[in-house]
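Below is one structure, written out as structure tokens, with a few remarks after it.
Chain lettering (A, B, C, D and E) follows the sequence in which the chains are written, and residue indices restart at 1 in each chain.
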Amino acid sequence: MTALLDVRDLTVAFETPRGRTEVVRDVSFELAPGASLGIVGESGSGKSMTSLAVMDLLPPGATRRGSIRLAGTELTTLPPREMRKVRGARVAMIFQDPLSCLNPYYTVGLQISEAYRAHRPRATRREARRAAVEAMERVHIPHAAERVDHYPHQFSGGMRQRVMIAMALSGEPELLIADEPTTALDVTVQKQILDLIAEIRRDTGAGLVMITHDLAVVSEIADDVLVMQHGDVVEQGGAEQVFSRPRHPYTRRLLEAVPRIDDPLVGPGGAR
Amino acid sequence: MRATGLVKEFGGGGLRRRRPFRAVDDVSFAIPRGQTLALVGESGSGKSTTARMAAHLVEPTAGRIELEGEDVTRLRAEALARFRSRVQVVFQDPFSSLNPRHSVEQIVTAPLRYQGRRVPGGERAFTRALMERVGLDPDHSRRLPRQFSGGQAQRIGIARALAVDPSVVICDEAVSALDVSVQAQVIELLVRLQAEQQLSYLFIAHDLAVVRQIAQQVAVMSQGRVVESGPREQVFDAPQHEYTRALLGAVPRIPAEWDAARRAMVEQQTVQEEMA
Amino acid sequence: MALSSGVDLEPSARAGHRDPAPAGGPGRRAVLRVLRSDIAVVLSAGYIALVLLAAVAAPLLVQVSGWGPYDFDQAAIDPNLGGLPVGWGGGISAEHWFGVEPGSGRDIFARIVYGARVSMTVALAATALTTVIAVVMGLLAGYHGGVVDLVISRVMDFLMAFPALIFMIAVLSALPAENRQLLLVVVIAVFGWPYLARVVRSQTISLTQREFVEAARASGAGGWTIVFREVLPNLRSTLVVMTTLAVPGYIGTEAGLSFLGVGVIPPTPSWGQMIASSVSWYAVDPAYFLIPSVCLFLLVLSFTVLGDRLRTITDSGELR
Amino acid sequence: MLRYMGVRLLGMVVVLFLVSLFTFVIFFVLSPDPAVQICGKNCTPERIDQIRGTLGLDQPFWTQFGQFLSGVVAGRTYADGQVCPAPCLGYSFQNSLPVWDMLVDRLPVSATVAVGAAVLWLLAGVAGGLLSALKEGTWWDRGAMVLALGGISVPNYVLALVLQYVLVVQLQVLPFPQAVDFADGPGQWFANYLMPWVVLSFLYASLYARLTRANVIDTLGENYVRTARAKGLPGWLVIRRHALRPALTPVATIFAMDFAGLLGGALITETVFGLNGIGKLAADSITQNDQPVIMAVTLLAAFFVIVGNIVVDLLYGWLDPRVRTAR
Amino acid sequence: GGGGGGGGAGTGAGAGATSLTDEPAQGGTVSVLLNADFSYLDPQRGFDGGVNNFYRLVYRTLTTAAPGNAEDPSAMVPDLATDLGTVSEDGLTWTFTLKEGVAFDDGTPITSADVRHGISRAWDPALGIGSPYAKQVIDAPEDYEGPYRSGELETIETPDDQTIVFHLKEPFPDFPAVLGQPNTVPFPVGTGEGEEFLTDIIASGPYDLAEYQPGQSLSLVRNEAWDQSTDEVRTAKPDAWEFTFGLDGATIDERLLAGQGADVNAIGGAVQSATVARLQTPQVQQRVFEPQGVCTTYMGLNTTKEPLGDVRVRQAINLAIDKTAVQNASGGTQLATVATTILPPSIAGHVDYDLYPRDVEKARALLEEAGVGDGFELVLDIRSQPKMQAQAEAVQQSLAEVGIDVSLNVIDTSTYYETIGTTTQQNDAAITGWCPDWASSASTFIPPLFYGPNIVEKGNSNLAQIDDPEINAAIEEAQLITDRAEANQAWGELDQLVMSKAPVVPLLVETGLTVVGENVTGLHASPGAATGGIDYVLVGLRDPEAG
């Protein structure tokens, strides 16, 4: 069985007036169909660039090298027109900051149905709208039929993130890439969203690449873990293995630093 | 520091006679000397507003604040300056809370200058000493905030708070914006300083795991009210209020057995290294 | 909590592009460094410097060239051709480097350098005055908000509702002509400050919401201290950019008003006045028309390029 | 909404009142005696007094201002029995014609100049800016931006004369601009107005090109554009729907202001080309110290600017859902 | 009188070349390109060279200035009247008879009552802002306020429809010239109140108003009621006239030079200095017309200011000013001639002389003598108008040579005359010009400028504020001379007398060189009706179909 996503030696570099800086170096990983991968690492370690490289959505000035295969298809050499058909339909992406990722000028309904119609040229406007309402219901947005005509700013942070997910789902993708989908949210809301993603994966069997800097989140959601530092993959493996037997010192330090809610309490003020 | 029945209302009045919005509703707390009180709760629950009232940055609509037994709810000029030298604030975003156009030296001596006090030992020496205390390279005293990393910048903020030798430091999400490892360093610094100087902290956070590490007392806020408060153990181990339970339940956790296994491994390795 | 110290995990230390610049005003040096590497900027700055130099050294230059800005040279013009300069290019010769003015034979080089004085003085003084008013008003409105903001904002609306050019001309032509230069500066500033003040105000509002203002208050700073010690320094780059962009506007305004006949009083030359008197000659004595026009165009262009580049640099983080 | 409009309209009346008061003060206090001017070459003091009486110039300041205002609203009857129906802006000192008629007479020319220039600069500026943004960094982009810089720096009277010399005097491809009617033949009309349009729109086109370019580049970097791409939308749709709308909204609002400003007359362009619009009327009346006309033109121009302001607000509310739904 | 100096026609030198004085053909439309609109269509209000010339196309008066092609163009000739009137023995009563067949545009015959109605409008306080002479000369009740308030003026008698009798306050030998002023145009009894004639015309001349857009354009068409046989002044060859206003001076020149399309039928005003150089090609030369200058540009020296009260200082200034520089500043030899006398050559009575040829040494000596050898400061009032500024700069520059420091006080064009005409506001000196109201004598030239009793606080035209008994007496004497030749001689002598006291510095006579479309002909200068410019009533086209 071929891997759903197979990334080999991916390198992303920026060409700046001061020369070339590699922000992702020789990253390789594999994701089986229906499996989930967590990418962790601190801010600036190249997590987002890796995911954007997969989508071919790197910012101007960035170049990528290496191979990215989606269910056997090589994406790096795909003509733009074909790549467009991959985006949204086969691989969908959820971004971190849902407010800035939704266009403030259009209703959420339009933005969802736009995603729906992008890959169904025959779909009528009405069908797309119905699909949008359905998608919103699927992500548990109350009164979806009404709220489909609202603008992004009229939604709360958690709701917006749901809208983003609904949008990602409307193409029925095989692979979902979530780039820090809960960083901006409260713990309680974060939990709802994570539960929602889990529920959806259960329903659709889509693969998931989850990017975050919160190791605890990864430990709850991912089958495999990829730890990045300075653009390099320093450690990868099954979640249990990485968390219980970290090999790289960096991974260890990270795990050390994560505050834990269940740790035995140390004395007041920390008697260290 | 002790606060009783704090209320803050926003808006309202005016021509339209809108009903005011109660951001903080009857909040009371007490911070014993040398201890930390953590204020937790979801976004918008009124934590910052409470902190700002405690720091005398907004006037409370009602309620009373005492500092070492003295009523400090309403202060004017001189008394306010004295208050400022006893209560300081560390803000959430290190970069936004440091004036990007001022050097470290200007920033950390500002409280003294603004309060019209002499800088003991001259600006340069004073700054160097402070920077050393918070673990920054004293040679960087002429740099601007943007030449520092987030963690370093937050240390500058802490240094500024310490410049006037306060007895209470209010930390409004002082570590929330930082990466885990940096966060850990800053927390360590705060704890060390507390031990050294008998500081009291009003520590605001939404991350319960962080709170658990630093606070002796915890108050949980929701929609402007304190729904539960008490010693750390009590709140975390035996939460009474529904909301506190929901909050605790939502915290993502690394499975305990993985952690245990890792610790065991690390310990083993350390032993091995020591032996070697 | 066992945190291994000595590990440098600072994110931006890794990011590589925040390598510390030398202490003491790194911002300014970085700006200068970027500017120096830009050919358009170098040329613009060079031209501005040249004009400034010419303006300052006008009396000396005129000594060298041999003709003052007011000296008539009847020999250089042809009375039978409407006073057209004798010779090629509007009378360009070793004696008159830029030719002479038709009708009077006055030396254009001398008038250009003396005209630069007026143009630069008016534009720079107007900019300075505008900036001072705008900064004070903008800071007050932005920081205090409420009634102060309301009043200042309405005054700005009111001034901006005026058809400024029409009104400037009307006022200038109605007022007595003595001390025109001062009057020009005042009138330009009165109608010009709201445009800058608006920017200052909105920046102040957004700066005031930044935590460092709150931090300053927590440190014990009062209103004025915050406004002038904390907020104002942060407006520096905005002000530098805005004023650099305002200067060409005011140079143009002075020239335009002089062109419309309400500028400086004769026989004082200004570039706008020179263009105005040359327009009717453009067909027979193109040099007379082109020399001041090109000088003015280049000056405005230079300031615009400079301001533009400054803005791009300060906006886009090219500094890093 | 109605309430909001009411407040805005009231604000507009207040600003207009202040503008007229200010203008009136300036000319009342600073200006020389118009009666002497009207009196002409062979004037006697008695005649001057007579003229003053007729025009009400002997009244105290506030009375005169009051008469002026009530004239605008309700019309006015002069001391010599002459009736000036509302909106009465008085009579020109220069030729005794009703100022209102003079304005109405001139407005078509100014409007033609303004509308034509606006169309031109929108086309050239927005299209040029858009192309530049999409081809950022290419020679096309650089060329367009250099041209735009030039457009901002060249005084329009210089441009006007150069164009006239080249196109009319030397090449003779265009006539000397005259305010011909559209009815006199569209071709004629177009040829006559073309140069004023170009001259007037050059600066604006340059500014708009730069603005559009910067805005489009900014929006193309917005996260929501990336989202749109991530959905798999075709490139043109991403640009048209997700980049252009947000990028052009500020342009549209600025346009409303600029256009309103021009309706009050393009002073220099009209003067240079001798087109009898409001701007030229302003220039002429200033040289003739024709106070009622200056007053009226100032008010008219202020009126357009203020209306433009309101239109901008409405437009903004209409174009930007964040503002629209907030109200 | 020495009227016809200066030559009326253009060059027409080339062999077989057409002349600008060729007789025009019948028909076509003449177009006139102008900088500014006419002041008023109502001849009772308008009173300046430009509009007076225009009035003759649409209005007729009892008498009028001779057409430009007349033997003596500065003379007066009868127009609606059969002759120049009969004066009574005491010089106080003038009787005129109307021609037969003259009519208004609707065909109604013009009667003596209509003439009286037109003239009596001058007394209306709101209307009578034009020519002042009728009111000054014709006897009227003290409280008379025009026909609309006080009824028709009874002191003008109309014994029958053809006869009209005027009674004067005092004898006025130039009275026929007064009746040639535009404010004596007849109007049907009962018309013309208030604003009526601001945008409308009741024509008595060969043309009638077709369309008028104030400040923009005006067109005339034939007045069918006008009968050529009653009119010896106007040839009225074109069928229509098209006036365009608001054009920039340079643009007018460009259009006339280019002569594209309808511009072959166009005429304009004096060219800009910058255009002179472009008139030199032979093709253009043929189209250049040189009218006569009838206005003197001079600098008044305010004799009430020190040290200008001293005649030696004034003489020194006269000697020191480089008039050639002033001439060059005004466009050189083609656009202006240096003036050494007060009266320009085309005015009856002019005598050539020069009391003050430039002599800087002598000027210095005089100043020394007057005790101001170290120089002094002098404020010169000028208009904010480019040409006058250039002239002033030339004056400033040449006076600097004798140590006089001139500072220019630029006054807005609109308020210039008011300022310098107010004795309290007037500074040391002012540059201005003076044109006669009729060319047939200097009686409207020298008295307004130099007659002491004429000094008024406001609206003063005696800028020197000279009140010299000798001059005053000579003026009073000259005004009463009825014989024209004798009077002209007296004015000529007065000119020299005045200049010996140097109250003014005559600077220039500007000639108003102009270029016309190639199809335009019938060009004659008219010192009387058009301040020396092209006399409209004779202009026409060579080929009515062209353009």
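Here, contacts are C-beta pairs under 8 Å (C-beta built on N, C-alpha and C of every residue); 3 or more make two chains touch, one makes a residue touch a chain.
Small disclaimer: the values here were computed from a predicted structure and weren't measured.
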> Both chain C and chain E are touched by which chains?
Replying inline: D
> Considering D-E alongside A-D, which chain pair is linked by more C-beta pairs in contact?
Replying inline: D-E
> From chain B, which chain is the farthest off, judged by mean CA positions?
Replying inline: E
> Which chain's centre, taken as the mean of its Cα atoms, is farthest from the centre of chain A?
Replying inline: E
> Can you give the whole-Å distance between the Cα centres of chain A and chain B?
Replying inline: 32
>> So the centre of each chain is just the mean of its C-alpha atoms; given that, what is the distance between chain B and chain E in Å?
In response: 91
> In angstrom, rounded to a whole number, how far apart do the mean CA points of chain C and chain D lie?
Replying inline: 25
> Where the centres are mean C-alpha positions, what is the separation of chain A from chain E, in Å?
Replying inline: 90
> For chain D, what residues touch not just one other chain but two or more?
Replying inline: 31, 169, 271, 287, 289
>> Multi-chain contacts only, two chains or more: what residues does chain E have there?
In response: 254, 412
>> For chain B, give me the residues that contact two or more of the other chains.
In response: 179, 181, 184, 187-188, 213
> Which part of chain A faces chain D closely enough to touch in the complex?
Replying inline: 55, 57, 59, 80, 84-89, 92-93, 95, 97, 100-107, 114-115, 118-119, 151, 153-154, 164, 167, 171
>> For the complex, give me every residue of chain E touching chain D.
In response: 36-37, 39-40, 45, 47-48, 125-126, 129-132, 194-195, 198-199, 213-216, 244-248, 251, 254-255, 258, 260-261, 412-415, 417-419, 421-422, 456-459
>> Under the definition above, what is the set of chain D residues touching chain A in their complex?
In response: 221-224, 226-235, 241-242, 245-246, 249, 319-322, 325
>> List the residues on chain D that touch chain E in their complex, please.
In response: 31-33, 36-45, 47-48, 50-51, 54, 80, 82, 94-97, 102, 105-106, 164, 168-169, 172, 175-176, 178-179, 271-276, 280-281, 284, 287-290
>> Can you tell me which positions in chain B touch chain A when the two form their complex?
In response: 34-36, 42-43, 179-181, 183-184, 187-188, 191, 194-195, 206-210, 212-214, 216, 232-233, 236, 246-262, 265-266
